[in-house]
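First the structure, then my questions, so here it is.
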Amino acid sequence: MIIAIKQGSPTEEVRLFAKSLEEKGVQVHFSEGVSQTVLGLVGDTAGIDAESLSANHLVEKVVRVQEPYKRANRKFHPDDSYVRVSTPIGGELRIGDGFFSVIAGPCSVENREQILGIAESVKESGAGFLRGGAFKPRTSPYSFQGLGVNGLELLLEAKKQTGLPIVTEIMDLNQLDLFGDIDIIQVGARNMQNFTLLKELGRCGKPILLKRGLSATINELLMSAEYVMAGGNENIILCERGIRTFETYTRNTLDISAIPALRRQSHLPVIVDPSHAAGLSWMVETLSKAAVAAGADGLIMEVHNNPEKALSDGEQSLNPSAFTNLMQTLKKYIELEGKKLRIEE
Amino acid sequence: MIIAIKQGSPTEEVRLFAKSLEEKGVQVHFSEGVSQTVLGLVGDTAGIDAESLSANHLVEKVVRVQEPYKRANRKFHPDDSYVRVSTPIGGELRIGDGFFSVIAGPCSVENREQILGIAESVKESGAGFLRGGAFKPRTSPYSFQGLGVNGLELLLEAKKQTGLPIVTEIMDLNQLDLFGDIDIIQVGARNMQNFTLLKELGRCGKPILLKRGLSATINELLMSAEYVMAGGNENIILCERGIRTFETYTRNTLDISAIPALRRQSHLPVIVDPSHAAGLSWMVETLSKAAVAAGADGLIMEVHNNPEKALSDGEQSLNPSAFTNLMQTLKKYIELEGKKLRIEE
Amino acid sequence: MIIAIKQGSPTEEVRLFAKSLEEKGVQVHFSEGVSQTVLGLVGDTAGIDAESLSANHLVEKVVRVQEPYKRANRKFHPDDSYVRVSTPIGGELRIGDGFFSVIAGPCSVENREQILGIAESVKESGAGFLRGGAFKPRTSPYSFQGLGVNGLELLLEAKKQTGLPIVTEIMDLNQLDLFGDIDIIQVGARNMQNFTLLKELGRCGKPILLKRGLSATINELLMSAEYVMAGGNENIILCERGIRTFETYTRNTLDISAIPALRRQSHLPVIVDPSHAAGLSWMVETLSKAAVAAGADGLIMEVHNNPEKALSDGEQSLNPSAFTNLMQTLKKYIELEGKKLRIEE
Amino acid sequence: MIIAIKQGSPTEEVRLFAKSLEEKGVQVHFSEGVSQTVLGLVGDTAGIDAESLSANHLVEKVVRVQEPYKRANRKFHPDDSYVRVSTPIGGELRIGDGFFSVIAGPCSVENREQILGIAESVKESGAGFLRGGAFKPRTSPYSFQGLGVNGLELLLEAKKQTGLPIVTEIMDLNQLDLFGDIDIIQVGARNMQNFTLLKELGRCGKPILLKRGLSATINELLMSAEYVMAGGNENIILCERGIRTFETYTRNTLDISAIPALRRQSHLPVIVDPSHAAGLSWMVETLSKAAVAAGADGLIMEVHNNPEKALSDGEQSLNPSAFTNLMQTLKKYIELEGKKLRIEE
């Protein structure tokens, strides 16, 4: 961390300020130029609040050179990390580590027939995981809010039938007890900075799929991952799902650069949600290809047996045959990237 | 709600589609033009999901004419509503209803001396409410997270000493039991779409200060208010606190237009947080004046006895003498707007 | 300018790099810490390209402490500057210097009757300047493009009749010869970074009203002012007119913080365009009041005798009686700010 | 175009309003529901200004169903169009039509040795076109502004030597005479809505490379193409180069979705500029691969023989060996998309 001191600041005050910084456990290197004094902070600056320093009347500017995250930081963990998921039949799936994971399923679990049908269908087309919402964060209180506990049970039935591990969203830490048999717990974009929930998830050992908030920076996404990791749970999958911009053609704007950025800054696996990013089913295949080419470790997407009758997010859901075609196309791109579609069980 | 049908759609299919809509409890008016068929939906369309309709292959475009919120909507409640807060000494403060409310205090409660000192000081300068964070949502897990329960106790001690009602943030619904003696529960920007929390707050009768999310539209803020109101709690205060844009000079961009927009669309009182919007203490007074002139019903701002040593948000906190000056200046603007600074008790 | 050097960089290479910087005319102060070497650049760094420096393999981060603009910078010109405009009857109007200037008129000049009528009307209500578009930048080539030269002539006729100085937009430097009798040349938001035009305007002595681009930062707006000033023309009026964000309720988002920000960074007068910012006529008065309270030196707004029949921007134009009411209201706020509505001639 | 009429509007007034619309050359279909009257406009609505209609006191909402662009619209030109460029040696290169075009070269032409060296180098690696700036739009008036006419001459010398057609930026219509031997005229992001320039380019027959503005919507980019096409010049290449968002990790945010969106809405070829989008040379290859996979017809990117000493944009320029590697990698992705890297001459 570098602190530029305001011109004309009394030397004695600056020295006292430097001393107060050293009391916070960092070393301070002093550089006095003719017109610019600069303090260089060395050591663990993650706990030092740049904004609070800026309030000091001696300070012109504070610049962080070191990232404020540690466990999520590639600098301290140069190799890619990956997340392991046990399959019901005793095998193991890996997210990351050269495997490309496709998580598919409906926005919401609607009924038994629907979720079992879709599960069979996406499995056949090559998906490695089943997704489906039981607790649904909806903008309107008058929209369908999900089947709740019943939804979770139907997902587990689908898991039993197909062997596909389950990814589903948690909306509140009180629901955590219900997620015992769920394989990957999803934290939605609107909860990316629900720090109480993140801390609680840090105490459980399950894989966490952490979605980027609608207006969260790459740095903030990694800080949210750090919250979970600081609690001891390092099984994090990061997910880019589109950010909010001025463009309205698409529901959100897929930040394709976030993939290489996250992979450079962090060792954690990164997947992409093209369905929520675009909000347009016809665009999902194109964005999926782009995500593979940009280095993603996987995709999560919405597939519905009858998108026109879906209780939520119909506009962005693929029907099963479109999903089958997409998987056929993707395989070539995944291969070109030197990855394998799924682990041999 | 208006649905434009794609050109060339078979008439019979369109009629069946219209029928399926009527089964959802609305009336459908059919308008066939030479090249454009339009369906007009009449009745309670709040529960109809525009996005799901868009997935239908017959649909070109769906346009909502009616807002999707009802209880928060000025159309169904033309008069301004206001929120009542009982004072410890038996009086009543109103937020809205021609009164201008100033809520002031530190970002975080740090210790007994700090919070009691600031409370006395802001009261003397004319603040009507004391704010202070006990549970703090911080971007970094390594930053100060607040004093928690002890912080709440210190706030209640300050309330006892000064008579100022307390505004403080809830981060999770499990904390709700601790907020029994808190006067106004704040929902922070990062929790604006924590729908589980909003539903729970709908069941308690306390005033809720609902902050706009960093990238939430005006419509989404009102939908979040609707979540609380749908549960039966209509004591909502809306708060504009700056949105995230490309500009980095300020921490966020204060959306001053949100004040007249919210007041036109809704009957709920609207206040402004100039401290978080700007992130710069020297700009708080100017933005406060602008907020009064734009029709706000109040302000919530950060005041710290020693901003340079604040454990959080020092850069945007006023010191007590700056706050006193600000209040002197504001009084003239509040008067010009025909409002009273605080209720006579 | 501060340059943080990458850890582990060979000392000899860093010294050569520092030498190459000194050849660009700045002094380089060297600060070697245990783990962080920092170079401090002193002198005129405005011509040094931070981005090019960042390409150097030794560089970790480049931070500008000094602003890259000089003539527009308040640091080198602590007092407010103002712009003088001669009136046809021999007097002088000032923009800035304690005067509050209101520039009003239609989006487009449509015909003789329209512009003369509006000119008389806004003068009577207290406007100090007449605006009206002769050359119109329209998103669609099929929209009305303005009356061109005829429009300028009609504006000059209105000036003759009312004595109001004229503000109108230039779209290309080839039009400059036609602007000989125009009092203030407006550069529109879409031309804020038309650097060829800015340079040409730097060579003419006329006052320039420079509008902020839709996605221009405060820093970029000041750099565009610097382009004109570097050519020798220091008669610049800055104009905040709303920026593009995700919010769609308003046409743009008025960045009210830009007023105090520009006034702190620069000595140039700052005005606000509430009509384009909101795009909603009913919101203009509220935003105008907020702009006065935030310290603006004036307003530019759209007034049309018959907004419903306007050839452009009808939705955001006031009718004359609404403008009269607005001026009555504004006077009190202008007075409270210690400003005078217009110079005594 | 659909116009929802406000509830309670007098029928007679609505009929008069409808009649006034018919006088603008469209047919109006009338649909009176119980609580909602809707007018459907049929015919050529491109010249009708939705905003002006919104000013009418009878109007609740105006919705455009038809796009406001015609010549750029795929609906009226279902097949892909392409742009032909003659090579100095008598052949023809096509942009679009199944060919993938790579345009490479330095940000600025700096001197003879530099541009000739880079031209040879990028040709050898497989680039089909040489780019290089002679007139440079720079944010600061104190930055290097380009070699101007001399730069153009050096580009033409490089063309003679290598046979590569030239792409370079025009900053003002007065420069047009100098572009006689330039093959493709680039309109920069900051000039995307310089309508005077666009109209002039509509009168020349040369291919135009039109870059998307920093905050321009997809619709606005197509309207700017329409400006050129309305003048008779249909040789347009659209270019996505990143939009401005809140994210600061990258210089801009590459809107990868713009590729499929533009290709669906328009028949014009679409290329991508990964250098300006990211502003980080190490990210260029990844984004290039993603652009190919998303369906782009080509790439324009910055290559410099010595990025660390570049006079502009060094941070985002590749060196020649990185470019060679990138081209090797890209070939496989281009092939997978069923495209050819360049036309057989």
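Order of writing sets the chain letters: A, B, C and D. Residues in each chain are counted from 1.
As a working rule, contacts are C-beta pairs under 8 Å (C-beta built on N, C-alpha and C of every residue); 3 or more make two chains touch, one makes a residue touch a chain.
On a predicted model such as this, the values are computed, not experimentally measured, just so you know.
Trainee: Hey, which pair has more contacts between C-betas, B-D or C-D?
Mentor: Comparing B-D with C-D, the pair joined by more C-beta contacts is C-D.
Trainee: Measuring between Cα centroids, what's the chain most distant from chain B?
Mentor: Taking each chain's C-alpha mean as its centre, the farthest from chain B is D.
Trainee: Measuring centre to centre with CA averages, how many angstrom lie between chain B and chain C?
Mentor: For chain B versus chain C, the centre distance works out to 32 Å.
Trainee: Where the centres are mean C-alpha positions, what is the separation of chain B from chain D, in Å?
Mentor: Once rounded, the distance between the two centres reads 41 Å.
Trainee: Indicate the whole-number Å distance between the mean C-alpha point of chain C and the mean C-alpha point of chain D.
Mentor: 27
Trainee: Please list all residues of chain C that touch 2 or more other chains.
Mentor: Residues 215, 244-246, 248.
Trainee: Which part of chain B faces chain A closely enough to touch in the complex?
Mentor: Residues 46-47, 49, 51-52, 54-57, 68-69, 135, 137-144, 171-174, 190-191, 193-197, 199, 213-215, 220, 223, 226-227, 230, 244, 279, 281, 307-308, 310-317.
Trainee: Which residues of chain B touch chain C in their complex?
Mentor: Residue list for chain B touching chain C: 215, 217-219, 243, 245-250, 253-261, 264, 277-278, 282-283, 286-287, 289-295, 332-333, 336.
Trainee: Enumerate the contact residues on chain A facing chain C in the complex.
Mentor: 2, 4, 27, 29, 31, 33-36, 38, 40, 42, 60-61, 63, 65, 244-246, 248
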